[in-house]
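Chains: A, B, C, D and E, in written order; residue numbering restarts at 1 for each.
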Amino acid sequence: MSTPIAYFLVVSAALFTIGTVGVMVRRNALVIFMSVELQLNGVNLALVAFSRLHGNLTGQVLTFFSMVVAAAEVVVGLAIIVYVFRRRRTANVDDLAVLRW
Amino acid sequence: MTPEVDLGPVMPELILVGAGIVALLVGVIARRAEPLLLLFIAMAGVAGAAAASVLLWDWEGGLTVLADAIATDRFAVVARLILLGVAALGLVLGHHYFQRSGELRTEFYALVLFATSGMTLITASADLITMFLALEILSLSLYVLTGSSARLGSVEGAMKYFLLGAFSSAFFLYGVAMAYGATGSTRLAEVATALGGRTGSMALALAAMVLLAIGFGFKVAAVPFHMWTPDVYQGAPTAVTAFMSAGTKVAAFAAFMRVFNVAFQPLGWDWTPVIWALAAVSMIVGSVLAIAQTDIKRMLAYSSIAHAGFVLTGMTAPGRTGMSASLFYLLAYALMIVGAFGVVMLVSSRGEAATSLGSYRGLYRQSPWLAGLFSLFLLSMAGIPPTAGFIAKVGVFGAAIDAGHWELALIGLLASVVAAFFYIRVMVLMYMHEPSGDHEPDASLAPRLALAIPAVGTLLLGVLPGLVTDFLSEASVIRW
Amino acid sequence: MSADQIVFWVFAPISIGSAIAMLLQRNAIHAALLLIVNFFTIAVFYLVLEAPFLFAVQIIVYAGAIMVLFLFVIMLLGVDRDEVLAERIRWQRPAAIVIGVGVLAELVVAIRAGVGFATNGPEAFAETVNRGGNTEALARSLFREYFFPFEATSVLLIVAAIAAMMLAARHRRAITRAEQEERAAELEPSEAAS
Amino acid sequence: MTDAVWLVPAIPFVGFVVNLFAGRRLGRAAGWLATLAVAAAAAVAIGVGMEVLAQPAEERTTVVHLFDWIGVGAFSAAADLRVDQLSVLMILVVTIVGALIHLYAIGYMGGDPRFGRFFAYLNLFVFFMLVLVLAENLLLLYVGWEGVGLCSYLLIGFWHERTAAANAAKKAFVTTRIGDTFMLVGIALVFLRLGSLDLSTVLDPGIEAVQPSGVFTVIALLLFAGAIGKSAQVPLHVWLPDAMEGPTPVSALIHAATMVTAGVYLVVRTHLFFEISGVALVVVLVVGLVTALYAALSALGQDDIKRVLAYSTVSQLGFMFMAAGMRAYSVAMFMLAAHACYKALLFLSAGSVMHGTHELTDLTRMGGLRRRMPWTAGVAIAGALSLAGVFGLAGFFAKDEILVIASETGRATVWLLGTLGALLSALYIGRLVFLAFFGDARSQEAEHAHESPPVMLAPLVVLAAAALGLGVLMLDPETGLVPTFLEPVLGTVPHGDEGVGTAALVIVSQVVAIGGLAVTWLVYASGRVDWLALRLRLMPLPRFLNRGMYVDDVYAATVVAPAKATSTFLADVVDASVVDGLVNAVGRLFQGLAGAGRRVQTGMVRTYALAFLLGALALLAYVGVRG
Amino acid sequence: MSNWLTLTTFLPLAGVVVLVAWPGIRDDAARAVALLAAVATFLMSLAMLGRFDNGVTGFQLVEEATWVDAIDLKYLLGVDGISLWMVLLTTFLMPIAILASWRVDDRVRLFMASMLVLETGMIGTFLALDLLLFFLFFEAILFPMYLIIGVWGGERRVYATVKFFLYTMFGSAFLLVATLFLYAKSGSLPGGPTFDVRELVGLDLAPITARWLFVAFFVAFAVKVPLFPLHTWLPDAHTEAPTAGSVILAAVLLKIGAYGLIRFNLSLFPEASRSFADAISVLALIGIVYGGIVALIQTDLKRLVAYSSVSHLGFVVLGAFAFTEQAMAGGVLQMVNHGLSTGALFLLVGMVYERTHTRDLGRMGGLMSVTPWLGGTFLFVALSSAGLPGLNSFVGEFLVILGTLARNVWFGAIAATGVVLAAIYLLWSYQRMAQGPVPEEHRHHRDLSLREVLVLAPVLAAILAFGVYPKLLLDRIEPTTAQVVADVEAPPVSPPPSVPLAEEAGG
């Protein structure tokens, strides 16, 4: 292949940043969580790219693990979100500000 | 090539997980399982893990095992032991807490054990991948524990903790990726050699260093990655707060030190200023903001932020001095914060009934012993001799000044003057006012006996720090 | 212009576009769908980067399992109503964007300095690293060098399971009692310190 | 015997201790005990005096070492007693006059509830006074110096329920303390510049070579400042008239006979410094002169019998300083002794008058007392004549000698003014006598006056005898007993051949004295002049004199008021608002910061994330610039 | 090597142990235990005095043991002519303070325990030769004192106690930094890095470093002294503290500041001391005059005494920084004397308050007529505090003035004015309290009780004894202070001419 690795890295960085911004501008807990997933995917892309760059598989293995982690996180996260929704009837994080100051 | 499988160095984790699964099964199978039985199982697990770690003190095998995933050094041993101690106290307190609040879930014990296994594992990880996994294990367990009460605060805390936690672990992972990108490996030792030999890419390495610092900074609640702390500490069931405030910090700091003193050791000149800055702002912000708090748990949360700053101060000193100082501080901090939150739990008798500062009015009248314990812990936090806090403070600041960071030490000490203000404000309430509240503090004996341990520890380390300092400085070299 | 470049230049815009679109998408379900699109593009990149196994996993686990779970929850909670995008916290959005751009810039700088836009991975990746196929190679390294982390993930999954049990299956009684108590607590005067 | 000199102060001290703790139980015996103590001291003193006299004139100085008091490095001050002609003279005066006044006080203080306490204080005073005059070491002298001040404070304020008394006491202590502080610095300088505080060392004529005379001027003036305070010289004289709030025996003992003369003693004792300096002597002379005239004038304006005597004392002390200022030290000393007698006598008789007239002190309401209290009148007149300087009486030999010397040594102005002072003395004392004892009674009390008991009259008689006859000791400035006795210590009395002959001077002074008395008789007792009308016609002059020329008021306006204001300002503004204000401001600052910082914790996850990212940006930027 | 010092230091803790361990101890028993412990400590310190050798200039009865290797904290006690008297002052006044607070009946056990802990802390502070150990004791004093003021204090006790605590913490922050910095620097010493004062004296620092360290130490101690303008915590603390608290605070705690200045600032940084001497002397003089003037118009008896302390401690600092034997010795003497006089004053104020229930001079009067012994004693102590010759304070003040005059005539002269001011405000307060007509409400107070006599008698005796025979102290103080002065290496003052010279000039 002839595409410079850096291109993929830039894309990954972009995705990561978009995810980051998403966490900050969205209010729906679910969407925020999705943005986090986007960040993770950005990182994964970087890992794979690096693995290609260094010519070893560690990056891919790490990506694999991060997917597992993501899966687990999603389970826990969604459980919490569901639970919160049951309790407060909303998934809007701005409404969750009892604890402050 | 099939790597030799030597489980000895991970025996503590295996035992913890094993015990956790047993507790879980017992809880599931025997629905009417006697909580005490579960507690016993869990404690047995902790004890076993402790024993296993002690055995590791004189490990003859390689520096790292399991394909370089796990370090076998004494640093890990000491960190593990501190964490296991915290876990034991956390279990007892939690057992009591949830029984009283009637929210006892059999999963609690298992979760604490899993979280602990994550904490201990992270301290022993010699590989960023393992470290990341361990980090996630402990984080996920803590999210759940935080939300393990039906209270709104608890739920909201869990939510915030989770969202921000996931957010920060993304940064952490990115850091790992950058490190890998810079050196082509995630093994701390190899990263170090690559950077030391200038074969790695500095730019990426620096980025990796910063991103990992951010990830750890979040876990140890260093400003400006601290903002979850007050909310979560306040929201979580007090017993859980006690457990995680101590556990997370100790574990995260252990990993922090390992990564920065091994993998990024060649970048020492570059990361010391970062740590310096984090330390300074943490101490200042933590101390100042605590002044304005009206809820004891929030106040302690802010003080724990300040303490993170103190430990970071110790980290600015390179090598053994800094590390042993920081380790000692972590030990002292673990004792006093667990103790303090334990007292808070007892004072607010049932659930979170009374966590406002106001409910400490005239505590001395209601229960002199509780007041005495609390003042002991608070004084230790303020660094007044003869408590562990004093020795710890002298240690870290001494190390920092030794390394030429006397300005940082001065900032820290002035910050601790500010901090003293809100510590003594609580003591003013306890001693110099008459009881106003109608509520009585929880008078049950078991948790008090449990709290006697950190109390004695705080005093003992204040008077005879020599008991541990030798071990600590023994443990404060990370070979690779 | 070689094939992989074409693929890249086709999918990169889609990938980023879908991501941005997700942010602007007021409807949670549509956001989720856009995210799936994005994941697909990433999967494609994996393929280009000669990680076929991850390509598969990405599609199955991510685009498949995880996002389905998301959609399921969204529907379950019925939060598919449109979200008001008007910002309530002043400066939040512009600050977020500015800082985001800043971070991106710095990352790009780091990448440029660290990797450079000319560098390419070693040729013969397939022959050397992926010897005997990516999957097999991956398995080799996974079960030899990384078998312990692999085991560790099991704990992670157990914890996840417990989380689901504890939180999702929380019986109503606990909640209602907690609510009552909190109402009681609110009546209590909680005065500040002197 | 000389070695036993420590008994002289010791005995009264024992008396003090006993009376302090057992006075209440002893009842009237306390008075007798105190008197006996002082009498015993007097006996010892006389014994010592005899022994000193027995020695050849040059070996009459002995130093008795008691114990080392302070010693740091080169500095050391021992508790040593110095026995020489001067100190002997002083202890004799102090103990004998003191004993008499004690005796008198037994009667005078008769009914007082704190009888015992009173005598305890008196004994304590005698103790300190003796320490003062016996001290070989200047610092020990200072101990006595302050000690007598303390006793004066205690005794002036003896009736402390009376605010006036309390005020007077405080005023006396503080005013003198001002002088004392200068003196303390002076003493310190003596050590620092002359290397010792022992009189026998620093009063060695060779000392002159050690330092330039300027140093001696400074030292002498500082010491003299102390003297000014103690001896109530202008400008620190203001406390003495007020001190009359104390019981009359106190006025007699402390504020006439002994303590106030300590200043004179000090100057005489350290005359070497003054002579080396020269300038200092002039200062002494001038201060003495000014004081003598000022006080005499003020005395003329007083209606309170005791205040007249108080101002008179100030004036007389002025004369003594004049003498010292003219190097006629032994004359000063003689006048000191003589004055001790006749002024004590006058005070005591004034006390006797008050005793017999229910504490009546206002001259304008007395009159004709000589009929009801003949003894008192008699002795008082004797004292008055002596003070006025009528030929042959003690007062004459004292004052007249001073004027003679002034004239002889060519100080015409001094002589003139001195003579004027003498005239004024005659006037005010005559005024006192005639207003009190002659004419008709001008009030109830005066009419029903009664003579005092013998215990009070006895000492009066003795003193009267002394006031009349003490002159024998001073028949001639060269060959008189006192000068020859003191000569080894104080040198000879200077005399020149300027001015007119002695006989002429004597005549002048007699004219002045007799004339003055005559005039007062004419005005106050002959009945030919309506002196009340006269006073009204002369207003405001009498008030001006009565208020001591408003010196007190000037001080109040220029010193006391500003001091109070400063103090208030510093305390309420500077300390409370500025210094402490800053401290509290810091506290509030942090409170404010905390309150503000708290607001950042909005409770919204997304702001937290924003802060998080901000931090990330900053750190990344840092490595950006670094890498 | 005997351990008299350790025994003296930790004997009070034995009392604490009893108080804590004895369940449900009765109040009287608690008082008795505390008193017993304090008296025993006093006797122990007397034994120490007995072992003290006047001749030696250095430290004596030194006890050394490593405590915490990790931070090189050594357990290092020793006594010299200065600390000796500070310790004796402490042990002497502590039983008196305890006896004086016999009336405390709220939480007696806690009170007595705090007092005893306080005593250990103070003794340790004076005896510690290891900088870090000193700091440890220095900080350990804080909490018990805080309790004593805060729990048993007056109306605004909380404000006062918090202020006291924070002020001290502020100072000690600098102290700790400087200490650790010094330790870091001390690696160059032959014995390697150490906190041992005796070693550190030999450390040669860059002048600028030394000056910064000096300032850091100075701030900490200046707060404690207290030196203008860091004094404002004192009036509040004194006003609110209970009698015993005020006594200890005035008599001992303030001395720690002055002691620290002499022991550490002077001996560790002689060069810096010399260069700052004038500035500090000026501060001290301001303190002397300012304190005196402000005291003039105070109507709260305790505030008045507090400001008088500011004035008196000024003499100590002035003496310490005049660098002449007389001034230095006088300063140390003044420390002891101020302890006795002001301590006694606060005892008396407490007794007056117990009767009149007010500290407002405006609402008192005529006590001398109602309770002559109380009034008389007050006058006696007031005069001692005003520096009446023959009583204790005079000697110290005179020596300070003398020594300062030798160094700088004007400083000495200004200092002397403090003596006048003292006379004014003390007599003025005495007049308003004890003289004049008796207000109706004060007609029927009883005079000193036997307990009160027991409390006062020892102090009064000491006041008189040290006034008449100060050599008792000076003989032991002088060798040390002389050494300190010598070490500062200040330029010699114009020496007083030797007396023989005078004589041969005359001969």
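Here is the rule we use: contacts are C-beta pairs under 8 Å (C-beta built on N, C-alpha and C of every residue); 3 or more make two chains touch, one makes a residue touch a chain.
Bear in mind that the values here come from a model prediction, so they are computed numbers and not experimental data.
Trainee: So if I look at the partners of chain A and the partners of chain D, which chains show up in both lists?
Mentor: B, C
Trainee: Among the other chains, which touch chain A and chain B together?
Mentor: Touches both chain A and chain B: C, D.
Trainee: When B-E is set beside A-C, which has more C-beta pairs in contact?
Mentor: Looking at contacts between chains, A-C has the larger number.
Trainee: Going by C-alpha centroids, which chain is farthest from chain C? Tell me that one.
Mentor: Result for max centroid distance from chain C is chain D.
Trainee: Can you identify the chain nearest the overall CA centroid, using each chain's own CA centroid?
Mentor: E
Trainee: Express in whole angstrom the distance between the two chain centres, defined as the mean CA positions of chain C and chain D.
Mentor: The separation of the two C-alpha centroids amounts to 100 Å.
Trainee: So, what's the distance in Å between the C-alpha centres of chain E and chain D?
Mentor: Comparing mean C-alpha positions, chain E is 37 Å from chain D.
Trainee: Between chain C and chain E, what is the separation of their C-alpha centroids in Å?
Mentor: It comes to 68 Å between the two C-alpha centres.
Trainee: Just the number, please: Cα centre separation of chain B and chain D in whole Å.
Mentor: Here chain B and chain D have centroids separated by 79 Å.
Trainee: Which chain B residues reach two or more other chains?
Mentor: Only 129, 133, 136, 140, 143-144, 147, 150, 152, 159-160, 163, 167, 178, 181, 202-203, 206-207, 230-231, 292, 421, 425, 428 qualify.
Trainee: Going by the contact rule already set, what residues in chain D reach two or more other chains?
Mentor: 598, 601-607, 609-610, 613-614, 616, 620, 623, 627
Trainee: Give me the residue numbers in chain E that touch at least two other chains, ranges are fine.
Mentor: Where chain E meets two or more other chains at a single residue, that happens at 158, 166.
Trainee: Kindly provide every pair of chains that touch.
Mentor: Every pair of chains meeting the touch criterion: A-B, A-C, A-D, B-C, B-D, B-E, C-D, D-E.
Trainee: Over in the complex, which chain D residues touch chain A? Could you list them?
Mentor: That would be residues 598-599, 601-606, 609-610, 613 of chain D.
Trainee: Give the list of chain A residues in touch with chain D in this complex.
Mentor: Interface residues on chain A, with respect to chain D: 20, 23-25, 27, 32, 93-94, 96-101.
Trainee: Please give the residue numbers of chain D that touch chain C in the complex, ascending.
Mentor: 602, 604, 606-607, 610, 613-614, 616-617, 620-621, 623-624, 627
Trainee: Which positions of chain C touch chain D when the two form their complex?
Mentor: Result: residues 89, 92, 95-96, 99-100, 102-103, 106-107, 109-110, 113 of chain C touch chain D.
Trainee: Considering only the defined contacts, which chain B positions touch chain E in the complex?
Mentor: My answer: residues 324, 328, 364, 368, 375, 379, 382-386, 390-391, 393-395, 397-398, 401-402, 406, 409-410, 413-414, 416-417, 420-421, 424-425, 427-428, 431-432, 465-466, 469-470, 472-473.
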